[in-house]
Each structure stands twice: as C-alpha cells, then as structure tokens.
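Common to both upcoming complexes is subunit A, partnered first by subunit B, then by subunit C.
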Partner chain A sequence: MKPIASAAAHVAAVEAEPSATVSQPTAADFARGLDERLWRWLTLSPALLLLLALSVLPLLNLFATSFFTVSWSGGHSSFTAAGLNNYRELAGDTLFRAGILNTVLFALFAVGGQMLCGFVLALLCTGVARGRLLYRTIFILPILVPGIVVGAIWKLLLNYDFGLVNQATALIGFDAVNWLGSANTALASVIFVDIWHWTPFCFLLFLAGLQSLPQDVYEAAKIDGASGWQELAYVTLPMMLPTIMVTFAFRLVLAFKVFDEVYLLTGGGPGTATQVMSFTLYQRFFREDQTGYGSAMSVAIIFMTCLLLSAAFAARGRMGAAR
Partner chain B sequence: MNGPTASRTRLLATHILLIAAALLVLVPVVWVVAAGFRTQISLLSGAFWFTPVLKNFNEVLFSKTSDFLVNYRNSLIVGLLSTLICLVAATLAAWSLNRMSWPRWFVHIFLGWALVFHMFPPLALASAWFTIMRTVGLDNTLTAVVLAHTVLNLPMALWLMGVFVRDVPIELEEAARLDGATTPVLLWRIVLPIIAPGLAATAILTFVFSWNDFGVALTLTMKQTATVPVAIAKFAQDYEILYTQMAAAAALSILPALVLLIIGQRYIVAGLTQGAVK
Partner chain C sequence: MPGRNGRRGLTRRQVVGAGGAAALGLVTPWRYAVAAKVAPMTIVINQSPWFDSFRKTVELYEKETGNQVELDVNPFAGSLEKQRNSVRAAKGQYDLLIMNGGWVAEMYFGGFVEPIAEIDPAFKLDPDVYTLDNTVYFDAAKKAMSAGGKLMSVPISPLIPLLYYRGDLYKEAGLKAPETFAELEANAKKLHKPPGRYGIVQRGARGPASVSYDFYPYLYGFGGGIFKNQSAGDYTVTLNNEAGRTALDYYLRIAKEAGHPQTASLDQAEVIQNMLTGKAAHIMVVISAWSQVDDPDKSAVIDKVEFAVPPHAQGFSTAPGLGHWLGGIARNVPDDRKRSALEFLRWFQTKEAQLAYAKNGGIPVSAASYRDPIAQERRFRWMKPLGDALPHAVNIYQFPEASEVISILELGLNQAVAGSTTSVQALNGMAEQIFGVMSKRNYNTGKLPALP
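So, the complex of A and B:
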C-alpha cells in the first residue's frame, strides 16, 4: 500500500508545482491542455464504451434477473419477483453441487498434470540445441486447436469400439475400456484430454522462463560441484518460482472455465460423473430455459470466481511480505 | 561422470523422450485427419489400412444438408471483425492509460475490472449477453457474436498492448510533441510503427481465440449464424454420430491455425509469453 500512496503524493506534487511557480499559462499552453484532454478521452472511449455496454451493463442486468422467475411463452417473457428463492434453490441443486466438486477436482488434477509435464518437457528441450525449434512448433499445435476439436479428436480416439487407444491397449493384451462411458474413468479421461490440450501452454511459458535464467549461476553451481538434481532443486526451481506461480494462476483460472471438452466428450455424464459448473449452468439456463434461476447460478459462479481471485491476491500479498 | 559417452547417451535419451512427446501430440491429430478420409464402415471395423476417399469432405462442404461453408464464412467474419475492433480499441486505450495523465485510481479500476472480467467463465457471461441481446433484438445475429468476442478478448489485448506500448521510448514521443506533432500524427507515425510486431502477435491470438470459442457462439447463434465449432459439435449430437464427417470438419477447422502456426509462430510465442511473464 505504501509505495502507491507515496507515488500518488509524488504525482500530486509534480502536478501542483508548475501552476505554483510558472507565472501565467499562455494561450498555446491552454490549447495544448485542451487538445490533450480531448485526445485522452477520445483514445480511451472505444474500450471504455465496450466494457461498460458489454460487461458492466449485462452483468448488472444478470444480477437483477436473478431475483425473478422468468417464464417464456411465444417468445415473450414474463417476470415474477422471486426474492431470494433462486439462491435458496441453488443450495439444494445436486447437479450444481456435483458441478462444483467436479470442477475443483478437474482443475487441480488437470493443472497439476500440465504443469508437471510442461516443466519436464521444457527442461528436456533446453537440454538439446538441434531440433529445439521443431519440437516447439509441434508442441504449440494443441494450443491453437479449438477446444471442441480437441473434444472431437479424443471422442474418436477414446471410442469403446474402434478408438485408437483401445486398439493399442488390445495389442498388449488389455481388455477394452469404456473410457468416456464408465463413471470410474470418465472424469479421469476428461482430465487427461485437458492435460493433452494445455501441457503445451505450460511448456511454452516454462521454456521462455528457463531460457531467460542467468547462466552465471549455473556456472557457479557447477564449480561448487552440484549434481544435476541439486542444480534443479537449488538453482532452477527457486529461480523459476515466479514463472511457475504465474503459469499456475493462469491455468487454474482457465481450468475453472472448462466447458467445450465436457460438452462434446461426455455431456456431463455418465450420471453426474463429469458435470462441471459451466455445463450445469448451460443445462439450467439454456436447455431448460430457466432464465431467472440460471442467472442466479451465473451470479454464484462469478461470486466464487471473485472469492478465488481475492484468495490468490491475499496469498501473493503474503508471499511478497515474507520475502 | 561427465565423459563424452555419458553425455552422448544423455542427449540421445533426451531426444527419444522429446520425440515420444511429439508423437503423442501429432498422432491423435493425424489419426483424426486420416479418419476424415475413411468411410464410416472402414473406421468402425477398426482396420488399420484403408483406401482414402474424399466423400466426407464432399458431404461436409457441398451437401445440401450441410451448412459448413456458411459456418466457415461466419467464423471468418466474426474472427476478423472482432479482432479488428478489439485491436483498435485496446491499442488506443493501452496508449491512453499509459501515456496520458489519467489519475492512478482510474487506471487501476479500469485495468482491474478488465482483469477480473477476464476471469469469469464465458458461459456465465454468455447468459448475461443472451438476455441483453434478446432485449435489444440482436439475438441470433452475427453482430451479437462479434460484439461478445470483441469484449471477451479485450482484456487480453489491453494487457498485451500495454506491454508493447510501454516499450516505446518515451523520449521519442516527447521529441515528436516538441516538433509539434498532434496526437493522431504521433500515434500513426511514431507509436504504430514501433508496436507493429506486438500488434501482429495480439491480432493472431485474438483471432485464434475468437475462432476457437465454442461456449459463447453456441449460446448466441442459431442454424444460420452458427460458427465452425458449433457446427462440429452438431455432428456429434445427431442421433447417429457421423464420426467420419466430424473428423473431416475438424480437419478443415484447424487449417487457419496451421497457417498461422507456420507463418506467425514467432508472434504467437511472443504474445503467449509476454502476456504471462510481464
């Protein structure tokens, strides 16, 4: 808090000074000030208007809608005040509860897996000189593939009857597994697909981080006779910690948004095995046309995102203080 | 321990692991593209060898019951338009917030809101947009999707362009001011040429994210306004899943990404890493 306050005071002091010392502003100064003020607003206004009209306004409207029961008939809606009923109903919605639990499980395991795989790949990649660019090109590919296509790819590969995965496991004598259709393996399969999809992103950030580490520290470690593992534990990991934290936060936020792959791979099933928050919301709001109740669910999800964010900020603040 | 043979073995092992990982990335994609060239019977029989046919691509692109060309056009329109609007708005705003004398609290609130907004699940936002678009009569229009994608990608573009705008030497801008350059001239002649590579990186990412979006497009479109991902999902939803056609459509849908990966990898890497590291 301190630096911001002092910086603000500094800015105020700098801004106050000219008017106190300079005798008279000329007409040219005045025109320039006017010009600057005009352009200051003109350059900001497109983004400002977009954010106000398409983020603030819709969310306020969503919040208001969450206190109503909305029924549709013939393209017309009628609103009945519902007070807090929608929110009360939320607490008893088993689908929503399953959605939250699965989303948390999904996010933790998927992001953990991606970070681990991405880090190993990045370490391996910095170990080779020739072919590094080719490897990077190949590893970037999944980042650019639409989530729905990733879903389509793995729906085919994990198919019980003819999927490549079951064909491959049959070669080494395993029985076919209904990866997406069985409650025991469905969530794990979706997590695996997400790891396939987003490991490259973690890899890319880690590779950039590893390549920007100062080399002299490694030379010093070598002179001190550090083994490869010691180098990793005492040099690489501590220096990579900021990149690791940023990547973790980035991916965690994205993992909580998961929708595309689940939609195509399992549709939330079997049962509620792969029901995630966004998918529950989609079912309630769009498929069942429960506009009021769905709005309450959206508000709840947004509120939970905010909680998660403030927890992350608090953790970062504590880490900063500890240093 | 660090003899030449040991280090060569190690390098070989590293390459083997990396090649294995590369295969893990490539094989699924190649297998599905190949499935696009198979007949449904050949795929379902699980045979490894097959005679490639163009039937699926023909069906997907030119059959009377398929809207895939319309979907492709919709995706291109939405992607290009939303990228253009997003870039203009984000670049101007990023410059304004970094270089004009806005009060600090204002900058914090503006960028803070953009950041928080970026964290919300798209489906929650889609529900909000759906209601608003319906109220103003924009439901089931491409305009709605363009607007939604623009504001969906605006925070990332603001963030990235902020990084690139701050890299412009302030002395250069001050010198131009002293020479009497007005704001538009300054932006066009001094700032724009310097941030051009950053602009390219942001443009590619914005376009790709718009192209890839499924949740928002699914909820804001109907048959005629559907984008490519929505169309692909349709193949899987029908009573009888058209696996090979879905594969063909999936193969067609990653073409733009492949082109961008080949011609713009430098920018993609710059955009993805700048955004997270700085």
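So, the complex of A and C:
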C-alpha cells in the first residue's frame, strides 16, 4: 500500500456526497410538492421575467439583427435582409480569423500563467505564519489598478525609445527590444501584462480554497509519511480541483473577452500580431458601423465561448467521474 | 410667431427690449452686434491637441455674447459614438457636432446634419473661409461633396499634415527646405545619425487612421490615389497603379534607409515625441502639434523646428490628406438650439474670432488670418506654409463606408512597413479588398490588373 493511500481515502471520503435515504412518496406528499413547486414558480416569475427582459431579449435582438444589413438615410435606418451572408463573410474576414487564433493563444498562455502563478503564490502565502496579511495585500495590488492605468503603466515601461525595461536591459548590455511593436514579442508582451494584472484574481480564489481545506487530511498524510510534493500531488491538488476548475472557467471566459489591454497597448498590431476577437468586433461593429455583420460576429463569439465553457465543464465532469 | 400669451405679434415688453438691444448695439463693439442672444446649446467635440484653443475661443464667445455653450469632450472614437447615438435618436442631445473628415460623409449621407440654409436662408459662408476640398457642401442628389451642393457645415479646424524639420540642423548642414520627395530623401539621409537621431520618423503603426493618414501625402504627392474619381462617382480602385507603387516604395525606402528602426510600431504621439526630444530631423504630422514644439514644458527643441509644405514628386503639386474637423448642426434638435449653433458658427468664422483662435493655439479656418500680420510672427511661422498647402488639401473619402477602407489600408500598409509583405503584395491585396467593399455596397467600381 502506498504511504498516502489512507490520506487519499480521506480525500475521497471528504469529497463523497452523503447518501440520502429515499422513501416512497404518498399522495399528500405529491400534492404538497405540487403546491410548493407552484408557489416557487410564482415567486420566481418576476425575477425570471426581468432576467428574460435584460438577458435573453437583447441576445435575441442581436441574433435577429445578424441576418440584416443596416444602413441610414434621411435620418432613418433601413434593414435589408442579408440571409446568411453575414455569417458566410466571417470565414473570409482576415481580422476575424487572426483574432480567433490570437485569442486562443492568449487565453491558453495568459490563463495558464495566471493559474500557475496564482497557485504558487497562494501556496506560499498559506505556508507563511507571520505577515500573511501584508503579502496578501501586496499580491492583490495589480487587480485593484484600473485597466486604463495598467495600459498606461506598461505602455511607458515597454516603450522602445524611452521605456524603463529597455533602459534597464541596456545597463546589462542587451539591445533595445520593441516589445509592443515587433510581431515576435507583441503578443507575448500583452500576455505578460495580462498575467501581471489578473494573477491576483486566481491567487485570491486559490487562497480561499486552500484555507478551507480540512486539516485532518493533511494530518493523515503526515502520519502516512507523505513528502511535501506527495502532499501537493495527492492531497492538495485533488481537493482543490473544484476551485481550480471554477477559477479556470472564470478566467477563460474573461480571457476570451480581452479587449482593454490590446486596445491600449498595441491596437491589434503590428499587422495582426495581437488582433483578438473582441478587438475585431469593436472595429467592425463600432468603428466601421457594420451593425448586421458585427451582430453576426457577436453571435459567433458567444457561441464559441459557450462551446469552450461546455468543454471545460465536461472535462471537469469527466475528471470527477474518473476519480 | 406666437408670443408667450399665444397672440401673434410682439408684446410691449418685447418691443421695448428690442429697441434697447438695438440702441445698445449702436454703442457696443462689433463683436456684440454679430452674435444674437440665443438659447444655451451643447457642442460634442473630441479631445485633440487643438481642443484647448477651441475651449478658450468658446469661452471668449460666451463672454462677448452672453450666450451659454456646454462642451461635451470625448476621445476621438468616443466622440463619434456619442454623435451616432445622438443623431440616430428621435431627439438629439447635441446641437453642434464637431465632425472629423473621416466620418463627415456618414453624417451627410445618413441625413443627420441640417443644411444651413434650412435654418437661416440668409447665412453665407465667409468667402475667406477654406472650403477644404468642398467638404462643407453636400449634393444629396449626386451623393457627392461638391460646390454645387448645399452648405452643410462650417470648418472648425483645417487639419492637414505639414513637414516639420530641424531648422538648426539644416542651417549647420547648409540645406534648404525640401520641396520635392527627392530633396526630402537626400536631406533625411544626410541628417540620419542613428540611434541618437533619425533622418525622418514616420507614423507606421496600425490604428484608426494612423499609417494610412501618414501615407496619403506620399500617395497623392506622387500622383496616385485610391479611387479614379470619387466626385464623378467613379470608384475604380487605382491604389495599385504605378504611381501607388512608386509612392509606397519611396515611403518604405526612406523608412528603411533614413527612418526609425521601429517605424511599424510608431503612432502619432511617438512620432511627435521623437521630434520634441530631438531624435527626429523630419516628421510629417498634423499641424495641430505646432504649439508643442515651442512649449518649454514639453520640448527640447524650442525655436529649432521649422515648417514646410509637404513635399511632392517632380511634376505634381503637394497633396496633403485632410484630417480636418467641421461643425455641423444636428437635424434632430429643437429649432431654437439649431439657431444657437448657427449663431456660434456665424461668430466663429469672423476674422476677429479666427485671430483669437490662433492666439489661443488653434488653427484658423479663414484665409484672412493667414494674411494678417500675425502670420509673420515667429511663433506663427507655420501659418505661411499651412496657408500655401491648404488649397491643395485632398479629401480622401467621399462615401460613408470610408472606415472599412481605412481599416484595410491600416493593416496592409502596416504589414508592408513591418516587412511582412512586399509593396506589390500589399498594394494588390489592399486594392482587391477595397474593390470587394465597394462592390458589396454597389458602388460603380472596378479594379486594375494586379501589379506584377
């Protein structure tokens, strides 16, 4: 038997759902249940209607608009049916294609980096006995900075001619690098800034997760003679998996929506090196005022995001089932 | 017009008030007499380098006339969005729209701007005010901005690029201000001493209107163009003709041989920054940056920068692209506020207002200001070249879908500057895409055979 086996059994026990005792319902139970369900629906209906009005209807409107071309004349709009043309054009849109690829790369590397850094920082912070509050405050500082200020800070730091980063690297003999202006480094620079900005989000969720883990499992692992790495691999990570998945899902959705950092730092360039989906949508919908086509692009982005989330949660489900 | 009590004609109080006002008009300076007392109004405007001068001029208008003006100030893109939201509503929020040349066609074609004659048939544009390639007019029947159309707006800021060059370096090297592209190239190469100083710094970054705006004086100065004849409704794409290739090859060559090593990532602010810090011998940027070069808080090259008309190829005239601002009155605001906006425009186009505007750091829209002795003052040394260049300014786009074409140019030109495509690939690619946009919108368009 492996030394951590009993700890793993504890983990399984902690995660296992308590089994419920099921008895046969009577007719009175059924009637009471029906009343309760009706009452529940009645009380919920105002909120549901509000949700419908605020969320579903705008989405339906977006979906409907995506089948039209909108133009203006004499101060009035006119909608011309476009069928599926707006959706067909998406495939040939250079910026949209580049946006998908870059968004996927951005999401993978930025979220991966944030998860890793956030988890390591949370682990370190959990292990610190004194000054935890101070560390925690320092680590969460970047998330408190508004996006526009983050853009200003890093635009200045990474400036080719006057930036602090190039001035610092010049001191140790390196040539100046055009961090935001070279196709080789621009996307990596934006990802780095995003990691800097959003790692505290992961850190906070992971820290909360780590602090809520039951200590008896760790005590069992210690009794079993588990090393620090084994504790991490067989106790901490499995118990943290729900928190990790939720954090990942949150960050993934937010990473897919990235806009401000690209808008402020690179404007999608050079070329299409940092073109992301949201920025393409901004260009087509707002700057170029292509309402119908922009709506089609919006629908496509929402669809892709839902698909991705479904995949993430399905993966979580499979992992849970496998364990 | 019915009085407050519903009767037609004037009340005794109105007659006495009007008489008093008329009497006051006889003894007050011209300024008070020019602008009538009107209802408060709101101007939507962008936060550009010239905004401060406009704000001060508006304050002068308020002081002189007692009329109230509220300014709604926004970033470039934000101003367009606010204008769209306002003019497309049943009732507009903004009375006077400060429209950029890039979106003025959208406003005219969409029917969002009231022709001025419909507010006041007696209004006349001052003959000294530049009409900026007739962009103040719109012929709805012909769907063209031409002098035969109705007056739709009054110029607010006649922005075009000028050549900024280091006069001190020119003096040292015994050079004269370049008139042709060949001279500019030779001078830029001579003054190119990287990394301390670059012969020329260009705006090669991709943006809303960045590298394309930088390229227009070269494209049109070499006799090229994007379309064959927009005013005549011929939208045949001519970007990839021989003149276009010569222009782009030249633009890329000077960037490579006398330019900044990271041209593809430089936007307007960085280009100006290079000049202000003494790292650029030449830049060709919008004239509104003039006040910064002599600003002791911003510039290390005070009194060292001179201005010249954008160069051109031998046999062609200078052709700076318009990046101007026009004041148009929204159609969907109450009549009294339309009249308020027009009163301001009436006052703004006078020579006195224009001179005050220039003294506040603005760029006058009236040729009278450029003839005034003020133009001889050292700090206004940009006025003569600007006055010389303005009659040649080119309105690049006359159709509402311009932003789609600009987007294509921004990407294609940026990729060419970055070296990821050749000039021929870039021109052919851009021309094909622009043709696609114009075809989709049913314009009378065509295309040239691809450049070999």
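Everything below uses one rule, namely that the second predicted complex is superposed on the first by the 255 of 323 C-alpha atoms of A that agree within 3 Å, B and C clash if a C-alpha of one lies under 4 Å from a C-alpha of the other, contacts with A are read in each partner's own complex, and residues count from 1 in each chain.
We take it that contacts are C-beta pairs under 8 Å (C-beta built on N, C-alpha and C of every residue); 3 or more make two chains touch, one makes a residue touch a chain.
Every value quoted in this text rests on a predicted model; they were computed, and no experiment measured them.
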{"item": "Partner chain in contact with A:Asp161 - subunit B first, subunit C second, else both or neither", "value": "both"}
{"item": "Subunit A residues touched - subunit C or subunit B, whichever exceeds", "value": "B"}
{"item": "Subunit B versus subunit C as contact partner of A:Phe286, first or second or both or neither", "value": "both"}
{"item": "Touched partner set for A:Pro46, first subunit B, second subunit C, both or neither", "value": "first"}
{"item": "First (subunit B), second (subunit C), both or neither touched by A:Ala314", "value": "neither"}
{"item": "Touched partner set for A:Leu116, first subunit B, second subunit C, both or neither", "value": "neither"}
{"item": "Partner chain in contact with A:Leu108 - subunit B first, subunit C second, else both or neither", "value": "neither"}
{"item": "Contacts of A:Leu34 with subunit B and subunit C, given as first, second, both or neither", "value": "neither"}
{"item": "Subunit B versus subunit C as contact partner of A:His76, first or second or both or neither", "value": "second"}
{"item": "Common interface residues of subunit A - those touching subunit B in one complex and subunit C in the other", "value": "159, 161-162, 286"}
{"item": "Contact footprint of subunit A on subunit C as seen in their complex", "value": "77, 81, 84, 87-88, 106, 109-112, 205-208, 210, 261-262, 264-267, 270, 273-274, 277, 279, 331-332, 401, 403-404, 407, 411, 414-415, 418, 420"}
{"item": "Of subunit A, residues touching subunit C in the complex", "value": "72-77, 94-95, 159-162, 178, 180-183, 267-272, 283, 286-290"}
{"item": "List of subunit A residues in touch with subunit B within their complex", "value": "4, 7-8, 11, 15, 35-36, 39-40, 42-44, 46-48, 50-51, 54-59, 61-62, 65, 121, 124-125, 127-128, 131, 135-149, 151-157, 159, 161-162, 164, 167, 196, 200-201, 204-205, 208-209, 212, 243, 246-247, 250, 253, 256-257, 259-260, 263-264, 277-278, 281-282, 285-286, 291, 294-295, 298, 301-302, 305-306, 309"}
{"item": "Residues of subunit B that touch subunit A when the two form their complex", "value": "10-11, 14-15, 17-18, 21-22, 24-29, 31-32, 35, 43-46, 85, 88-90, 92-93, 95-97, 100-102, 104, 110, 113-114, 116-117, 119-125, 127-132, 135, 147-148, 150-151, 154, 158, 182-184, 187, 208, 211-215, 218-219, 228-229, 232-233, 235-236, 243, 246-247, 250, 253-254, 257-258, 260-261, 265, 268-269, 272-273, 276-277"}
